[in-house]
Structures are given as structure tokens and as C-alpha cells.
Amino acid sequence: MLKAAYRIAWKDVAGDFRRRATLSSMLFFAISVLVVFQAAFEPDRKEALRLLPGLLWATTLFTTLVGLGRVFQAEEEDGAFEGLLLASVPRGVIFFGKWLGNLLLTLLVELMILPLTMVLFNVDVWRQTGEILGILVLGTVGLTGLGTLLAAMTQGARSRETLLALLLLPLTAPLLIAGVQAMAGILTGGEVTPWIRLLVIFDVIYLALTPWAFGWLVEE
Amino acid sequence: MKFLARMQAPLGVLTLIALAVGLWMVWTAPADFQQGGAVRILYLHVPSAKMSLFCYIFLTIVSIIHLWKRSETADILAEAATAVGISFTGITLASGAIWGKPMWGTWWAWDARLTSMLVLLILYKGLMVLRHSMDDPAKGARATAILAIVGAVDLPIIHYSVVWWRTLHQPPSLTMAEKSAVHISGPLLPPLLAMSVAFILLGVYMLTLKARQIEAQRKLDALEAARLHHE
Amino acid sequence: MPPETAARPADVVCLTGVHHRFGRQQVLKGIDLTVRRGECVVLYGSNGSGKSTLLALLSTRYALRQGSYLLDGLDTTRHGDEARDRLVFVGHHTHLYGHLTPVENLRFFADLRTLSPSEARLREAVAEVGLARVADKPSRWFSAGMRKRLALARMLLANPSLLLLDEPYSALDAQGVAWLNAMLIRFQENGGAVVMASHDPERVAALRHLPHHLDRGILTPAPPPPRIEEPPSC
């Protein structure tokens, strides 16, 4: 059964590499967001260090939205989604596969955003890269989990991308708060553990809830 | 639905009486020694904040019933509860800002309560938009019901994350003001209770009206669809 | 469950008292249908008569709300996943991914079921539907006929108890129709059951089949309707 989930994720990731569609547009979108931030705030080195957690999270959030708009795109051509639902695996497994594919793509983009941000904003936190990435991964798990559910929910909706942003941004407010605080804690030596705990709680709740919700969503 | 139709008129009269009594009590209540006359807006603010949450709880329950039993009545009530809930949330935010200006010296403060209310407002809006951006009403109803449940799980997390966030950053004076806003006691209590009862009645009355309107609209749509089908 | 609805092993589909509605619109009104091994049921009916809904119910894509549906004696409401493993549905859409090749599409299909065919078996299935030449090309640019053939290759791979077809002859040329009918006859001879929705009595004529008529949600065994107009040949 997990093989089915893994194959769905493989199909999405491989498909993306063949078309170079989502990954590259996410990456270039992220760069544009960073340019916008630079132009809007013109931070000096010290400010950039203070702003870094917020910059990283805001960029991640916006970039994830671009990726989520496309999670179900391949499923929309020629009724592929209907075909997926005819598979003899529980619906939760299908959801898990879609989520995994999106998670992998988003993590790949984040791996590229992090050094880019440090270079473009002239901040030197290379020593803490591991911890920062860890926080990003923790946040991304919940973000893509809830995001994949919302992407499935808005399938076939009019002006879907706007709707996705309207739904995702408020619901992921806890992730944004906890992620920024945890990262700031790492960079400035403040409190980290309670925020990590909040991220983990969010991830666990949504990974338990979303496959079930997906099952209800597609049952007609 | 038939029950709602029969209830509508008496409920409306009752609501009107309760609101009149409540407002009269608010008017004649003594001014607060700290807050002065501005305290009176809390009699509007606190009950409507309670109602925004009650509406969401009700919305969650009917959403679960809709998913479980595929009941159309539950779905109609969910759509109505969303509309009623967003109005109360709007009143809460507006009255909070009007109260905040003289008391805090600012229209808006990022405290936990206000931030959660703002998120609730966006969530209500999201529910409305999601429902109406689907061409297939059944699919829209299902997606909305699931979003309502996801939101019900999310709202406490949002609230606590904002509480933790603000307690780390907030100057204590604001939290004091916030507390004084909530702990109304002594002679201020009876008008608040009266207004709470009036708002609960008002909420149920609005829900009844909205649900009946939605039901009529759906019947009309079905007739229209049937007419097109036969042509 | 009344004893007469208990499925004998020979029954692939046993549908009793099925009603279905969309909102306020009653689409199916009390459908009873039994399909035995080797039988082919053809559903005739005008647009909006409920054919597609019935097929969607048979494919378990729509959940049953009233009545019962046994597939190979399995209660589909309780064992939906197992039931889906025993049927293949080829509808208007072919459920193909454009960025995957025919072989990859079939492997993906197999991975989502309890099938683990060898590479050779996959290629054999692709060859059997006449696509050996393009077995390793992305299927994005395939013609409608080629996509249909590839979708039908799933049936060869899965060898299901029940094959559901919605307008299978559309997008196929005369040669394709003959090929499909030969394939269906072989499937029937091996004990497979077919339920098909069609507008096309002439093309179905080559099959040994049981015509049924679906009108406003009521299903009755009936001779195929007379041809009124000739559709343009593909």
C-alpha cells in the first residue's frame, strides 16, 4: 500500500523533472519575492539578520502556494484524478502520495532558497544552516500537508489560486508564528523548544487529519 | 425546515423585546469608574464575540452531520451559520476597534483575542467563497463542510500560538487593559447578561431567516434546472 | 439482506434496489441488475437517462446510498478497495498521464492495484493493443484512438471480473471497432463480465449481449432501439 503512495509521489516528481515545470517556476518565483523584499525594505547587514526568519518564511509560504496550485494539475488532464480514485488502495494512501510528492518538490526549492537568501541579503549564518533547515523542514511538513488537502478541495473551483491563498494563509498562521520564532531563537539565542513543540503538534494533527478529510472529500 | 418557518414570527417578536430590554439596561447602567461611558460598547462587543464563536461551533456540528448523513438541511444550516457568523465577527472587530481607540489609544492591537477574531473573519469569508466558486453544489457543500472542520481544529491552535507569541512580546499594560475588558463585575453584569440573551435570540432569528431564504433559493434553482432539462 | 440477493459465484454483479439522486433530482429509481460471468450487458438510453451514473455506481466511484451492490459476492460498501481491484473502468476519459510513456502509464496503473507485472508483460500488453512502436514515447501527443487503446490495455493487464465501458466505440475507426469487439469476445469467453453504455447498436451487434434500456432512471431489459440517424463515421 505504501508502495502505491511512493509511486504516486514518484510519478509527480518525475513528471516535474521531465517538464521542468513546477520546480523551476517555484524557484524563480522565490527569487522574485526576495528581490521584492530587498527593494521594499533595503535592509543593512544587521537588519537583514533580524529579518532573515521572516524573509525565509514569507518566501517559503508564497512559493508553496505556487507549487500547490499545480499539485493536482497533472490529475486534471484526461480525468486522471478519477482514475486515481479507482485504485484499489484506501483514499488516505492516495492523499499521502500526493502530499509526499509536493513535500519533496517544496523541500528541494527550500534547499535552494536558503543559500540564495543568505547570499542576496549578505547575512552570514552558514554555521546554523543545519538548524535553520531543520525548522524549515518541520514547518514544511504541516504546510504541504494542509496545503495538499486545500489544493484537493479547490479542484475545479473558479479562480482557484486566489482561493487557495485565501484559505491557506490564515490556517497556517501558527506555522508562520512558530517557524519565525524558532528560527529567530536560533539566530539570537532565544527560546526555541516551545516553538518546535508547536510545529510538531501542528504537523502531527494535520498528518492525522488530512488523509481522513481527503477520503470524505472525494467520496461522492 | 417547517419547524423553522413556524418559529420565525414568535422568535422575531421575542428578539425585538429582548433587544429593547437589553439596550434599555445598557443605557441606564452606571458608567465604569475606569472606562467611563466607553464601557457601554462592551455590551455589544462581548455578546457578539461570543456569538461569532457559537456560530462556528454550530457550523462545525452541522458540517459533521452533513458529511455523515448527507443531509441537505444540515448543509443549508451550515451555509446560513456562515453568513450569520461573519456578520457577528465583523461587528465584534468593528466594536473592538471603536472601544480600543479611547481605551488603548489605538484602533488595533495584535493581541491574541483580536488576532484570532481576524483569522476567524477570513475563515468565514473563505468558507463562503469556496462554496460559491464550485460549479457542482454538492461538491461545494462537501468541500465547505470539510474546511469548516479543519478550521475548527485549527482555531484553537491559532489562538494559543498567538497567545504564546504575544505574551513574549507584549508590554504588560495592554494585557491589563485586555483583562479589564473581560472581567466585568458587579452592577455591570445584569445588562451584559440581558444583552447576551438578546444576541443569542438575534443569532437564532437571523439563522432562521437566512436558512429559509437559502432553502427557497435552492428550490428555485432546482425548478429552473428542471425546466431547462425538459426543454 | 434477503436470501435471494445472496450472490452465487456465477454472479459478477448483483445490484438490488439502487436509487440515486443528485440534490433534489432523482437520477436512478430502483435499479435491479444481475450480470453473470461471460455476459455482456449493454445499456441504451438517451442523454441524461442515468447511464453514466449507473456506471459510476458500478465502478464504486459513487457511494451507494440506497440498495445493495455485490461484486463477486463482495459487499462493495464495506470492501470498496477489494471491489475496485476486481474491475476496470474505461470511460470518456482515459486517465492517462501525458508525461509518462505507455509502459510507464501501465506500470503506474498496476502499482495502484495488487498487480506486479514484469516489464515483459507490460510491453506485451502495449503490443497487444498495437502500440509497440510508441511504447517508450510520452503519451501526450497520442491521438484519441491511441489513448483509447492504451486505456483498454489495462483490461488485458488486470484481467478483471468486471469491465465497465462508457461509449467504448467513440474515437475508434472501423478497424478499431473490429479489434475491440474481438478483444471483448475473448474477454467474455474467459468468463469476464461487461457492462457497457452505448448509442451504437450496430457496432455492438458483433457481441453476444443482453440489451437493456434505461429511461429516466428505470432499467428494463429491451431490444436495442432502432437507428434514427447515422452518426458521422470516424
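Each chain gets a letter, A, B and C, in the order it is written, and its residues are counted from 1.
As a convention for this text, a residue touches a chain if its C-beta (ideal position, glycine included) is under 8 Å from a C-beta of that chain, and two chains touch if they have at least 3 such contacts.
This is a predicted model, so every value here is computed, not measured.
Comparing the centres of all chains, each the average of its CA atoms, the largest separation from chain B belongs to C. Here the chain at the heart of the shown protein, by mean C-alpha position, is A. Annotation: 49 Å between the Cα-based centres of chain B and chain C.
With each centre defined as the average position of its C-alpha atoms, the distance from chain A to chain C rounds to 38 Å. Centres computed as Cα averages put chain A at a distance of 31 Å from chain B.
Residue positions of chain A touching 2 or more other chains, listed in rising order: 219-220.
In chain C, there is no position where the chain touches two or more neighbouring chains simultaneously.
Taken residue by residue, chain B touches two or more other chains at 138, whereas all remaining positions touch fewer.
Contact residues of chain C toward chain B in the complex are 22-25, 48, 65. Touching chain C in their complex are the following residues of chain A: 3-4, 7-8, 11, 14-15, 18-19, 74, 77-80, 82-90, 219-220.
Listed in rising order, the residues of chain B touching chain C in the complex are 70, 72, 137-138, 218-219, 222, 225-226, 229.
In the complex of the two chains, the chain C residues touching chain A come out as 56, 59-63, 81-85, 87, 89, 91-100, 108-109, 111-114, 138, 147. The residues of chain A lying in touch with chain B in their complex are 146, 149-150, 153-154, 156-160, 163, 166-167, 169-171, 173-174, 177-178, 181, 191, 194, 198, 201-202, 205, 209, 213, 216-217, 219-220.
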